[in-house]
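Chain naming follows the written order as A, B and C, and within any one chain the residues start at number 1.
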Amino acid sequence: MIRRSLLPLALLASCWLFVSASNAQSGAQSGAQSSAQSGGELRFSIQSEPKSFDPMLADDDSSETVRYLTTGYLIRLNRQTQQLQPEMAASWKVSSTAQSITFELREGVLFSDGTPFSAEDVAFTMRRLMDPALHSPFADPFRSSAGDVKTEIKNPHSITLQFPAPVANLEQLFDGVAMLSAKSAHSDTAGLGPFVVSEHKAGSYILLKRNLNYWKHDAAGKPLPYLDSVRLDVQQNRDLDLLRFRRGETELINTLVADSYDRLAADMPSSVHDAGPSFDTEQIWFNQVPGAPIPDYKKAWFRSQNFRRAISQAINRADMCRIVFSGHATPAAGLLSPANHFWFNQNLHAEVADGPGALKRLAADGFHLDKDVLRDRDGHAVEFSIITNTSNKLRERLAVLMQDDLAKIGIRLNVVTLDFPSLIDRISHSFDYEACLLGLVNVDLDPSTQMNVWLSSASNHQWNPEEKTPATEWEAEIDKLMRAQASTTDNKKRKEYFDRVQEIVYEQAPFIYLVNKNALSAISTSVHNAVPVVLRPQTYWNIDSLYLTPPDPNGRHGE
Amino acid sequence: MNRIRLVAVVFLALTFSAVLLADFVAPAPYAKQFREAPNAAPSAKHLLGTDDLGRDAFSRLLYGSRVSLLLAPAAALLSTLIAACIGGLAGYLGGWFERAALAATDLSLSLPWLFLLLTVRALLPLNIAPIASVTITFALLGVLGWSSSGRVICSGARAIRQSDFVLQAQALGCPPHRLFFKQVLPNLQPVLSAQFWTSIPIFIIAEANLGVLGLGVSEPLPSWGNLLRGLENWPEVKASPWKLMPIVLLVAVVSCFQLVFQKRENLAS
Amino acid sequence: MWLRALPKHFLRLALTILLGGLLGATLVRLAPGFGVDERELDTRLSTQSIEALRQSHAPQNNIFAYYRGYLVGLFRGDLGFSTSLARPVSELFAERLPVTLRSVAVGVAAGWLLGFFLALPSIFFRWKAYEVFTAGLSGLFISLPAAILGLGLVYAGGPASLAIALVVFPRVFQYARNILLQSAHLPHVLAAHARGLHSTRVVLCHVLPNAAPLLFALAGISVSMAFGAAIPIEAICDYPGIGQLTWQAALSRDLPVLVNVTLLITIITLAANSLSDLASTAFARPRL
């Protein structure tokens, strides 16, 4: 799975020239009630042992979960409203050139070990983050050009950060920068988040206890979080996770697979939630690397726009949504999901399956059907392979459906499942592959976060990475548009540029987008204040306002 | 026992004929997707229902059995022959050869052969036919599978080497190779046959486990391996018990083999 | 006399173990996907960061140099540093080894007991029902993948280590049954029977000792079998043992962990088989 930043960064609504947040010092969370009871332990599973407890390097799902629960941020993206809101920064101001940002910090905030939070900590955090040897994924988006970040501390509660060049999407990037303590003796473990890591049995579980120094209070003045502790169990097997949820051993499942959703919905209808289309997509692409070790005639097919569009037309996306996702997905129109209300290009619509139409398009390039086998101009039978990773059963089924769809127009598709390292080796190192099917966990709203995909010189420009010069005219145009949208803060203009990028991607189909999956989750009825949303983390984004009521002693959990 | 053996033989004969004649017996091609009816329950049209992509489960079971029932015994035979040669010769010859062979056996048991399988898969072309790739997988399993019985066979051969009748035959001037093939190997037969019969389901399951890494049979070809993988989802299996058919068939075939051929051994010895 | 042979024997063992480590490391090094990192697909990272990631795996590219460095470290007690979990391998082993050793020990013991005691009656009785029942039972358990057995036990609420026993017992049963039957049909055993010797005495004094060398060899093998089964069982059932570590290390091509695991398994296999060799020579009856 190609992973994007798991912490969403962008704004959703109107165009702003200057961005300045309200001075609201409110610590109230939406929906906090005075009837909330304190206490209880929330339990849920993480898929693997966290690879790192360093907030700067927390890259995988499990590490990000621990990070989300234990650290605090200057600015936070509210997962429900998709608006930025003040956290450690009571207010902020971005300069008109997007080259500097000034924060007014909240006063009286303490780290979990009691050390006070001040502008020095922000400076320390930024220095640590921007250390070139660290290669933190949260630091690279700030590096729009070479040079260091200058920090200017005016007083203990005010700091200005000066960047060497304008940074696109500047304030939203701070949703990924966890504040570290400069003075604490345990700067690795002292955090500003609602919980603190208390016990850790490697490979088994992580127990987090309430941070007694957490700064937030609810509307009634009660200190947050309501929960006493959170227990994360390492559980790789999703079926076992489901079983434990049914038994009442866990209270949430953050991401549910479509068939688990249906099974659970049959027994525990009030526990399942479908928050609608998410930002996740599934897509295929063809290898267009000029030096790839594949036959030249195949390279010619993959470089042909008609060929790629015809394949896209032959695929039956509606069947994929119905059969593989049990209706919990929608056909994808393009690179963004319609859930991204502001940035999605409303003029784009998903292709409807049309075999004859695909054949007509292919005929324009000299392909012809010869006794149920499609052949190209030179008589080669059209046959190619598609690689995908093995650990995702739904993706394998998508590939098999595609295999059947393409067989109807005479194309033989070979589905090859590979383990992930072998797959990455082929798509990034040896380029020994023909087509690839992968998914994108696309939680970033703002297009600037996708620079490393659309710029032809970037490493994640999957179909032809690290081009010295753009290989085609349309790639050159995308380069120009992406750079243009990154260098202005006028969102209306940015949307124009990015709409055009989406159109070009739709026309040229370097990525053929298949479906947009829905955000499915399960929450036990003993958990209150939970509002499942589309942005990650879908179920516990507001964990400091969640509270538990004891389950019904007579009935099963949640029924 | 005769009646039971007869039943087992008849069952095996029926299964093998159905499987070999799958092209005629199967109600639908194994790759045909009945997209209006995924995960359907058994009916007149689909005897065992359909799988999650709407493919007829009965047809897939027949074709899958064909792949596994033909290739797994072949691989088992290969591994048994290699084990017989290496283990038998080691025990028979003794000395440095035995020590070297036993060390090779122990190493072979400990090394992560998974990576060799991954390397071989990487060397194969991506567009290889599914049947060719599964044949290569089973061949590799056969070549690598000898070590689990190598030591036992070596012990057995050593015991035979030290036994009376072999000493007698040597005294009578019997040449070593004739001794090996006519006396040692036949006496190792019980161990060799245990190795053979246990290897067949082990290789079928190994193919299933390798499928998790992408080294098994590729779609749309069915195999017992990928049919067995469907069992991992226990609540779904509980809700649709007909999905247990592949495992029931495999257990029945394996048990019948044991019943039929064990009896023959008892009579022989 | 055997005391003189001991140092040579140990030297041979040590060489075999070291060779095993090197071969294992080479297999991992040559496999596709070595030196790649999942983080390369993170779209937040700049091209320079991705390049730095790729370079970080360079020290492991020359496998001989790496292995030499590893052995030097080993003599100092440093088992290396896991690239996928960012922790010293010695820490990981210290946490996980007891878990796996315990479940493997329980599994092998239980599997052997079950397999052996199911096989024993075959030489006394010829009950058809018993034959069918044991054939079916061993057929069932040998046909189920280890992972499914483990999952089944977890669903039923039992310990996953019993799954190891269920994996070991059918093979032990098959081999033991055939070996014991063969021993039981040897001429002098039949003669003893014919002379009216009590069945138990025949089994204890004639059948078992004859079968002993092969049975001991089988015992040695079942240890390797059990370890092999532990890997998928622990991986699927989330048991925090060496098996789960090995599986994750294999999927991320974590060379430091895999070298150590290969050495560990080689040592255990060689130890188990050496012990079984010793035991079988101790039981060997002189042929007159």
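Points worth noting:
Here is the rule we go by: contacts are C-beta pairs under 8 Å (C-beta built on N, C-alpha and C of every residue); 3 or more make two chains touch, one makes a residue touch a chain.
The shown structure was predicted, so the numbers you read here are calculated from the model rather than taken from an experiment.
Ranked by distance of CA centroids from chain C, the top chain is A.
Top-ranked chain pair, ordered by C-beta pairs in contact, is B-C. Averaged C-alpha coordinates put the centre of chain A at 41 Å from the centre of chain C. In this assembly, the C-alpha centroid of chain B lies 20 Å from the C-alpha centroid of chain C. Centre-to-centre separation between chain A and chain B, using Cα means, comes to 44 Å. The multi-chain contact residues of chain C, meaning those touching 2 or more other chains, are 32-33, 151, 155, 236. Of all residues in chain A, those that touch two or more other chains are 239, 243, 419, 422.
Touching of two or more other chains is recorded for residues 118, 121-122, 232, 234 of chain B.
Put simply, chain A touches chain B in their complex at residues 239, 242-243, 259, 263, 319, 323-324, 383-385, 387, 390, 396-397, 399-401, 403-404, 414-419, 422, 432-434. Residues 31, 33, 35, 38, 52-54, 118, 121-122, 126-128, 130, 211-214, 218-220, 232-236, 239 of chain B touch chain A in their complex.
The part of chain A that touches chain C in the complex is made up of residues 1-5, 48-49, 51-52, 59-60, 135, 137-138, 140-141, 143, 201-204, 234-237, 239-240, 243, 419-426, 428-429, 449-450, 452-453, 457-460, 466.
Considering their complex, residues 1, 4, 99, 102-103, 106-107, 109-116, 118-119, 121-122, 148-149, 151-152, 154-156, 158-159, 162-164, 190-191, 193-195, 197-198, 201-202, 204-205, 208-209, 228, 231-232, 234, 247, 250-252, 254-255, 258-259, 262, 265-266, 269 of chain B touch chain C. Of all residues in chain C, only 32-34, 36-50, 52-53, 84-87, 92, 95-96, 151, 154-155, 235-238, 240, 244-245, 248, 251-253 touch chain A in the complex they form.
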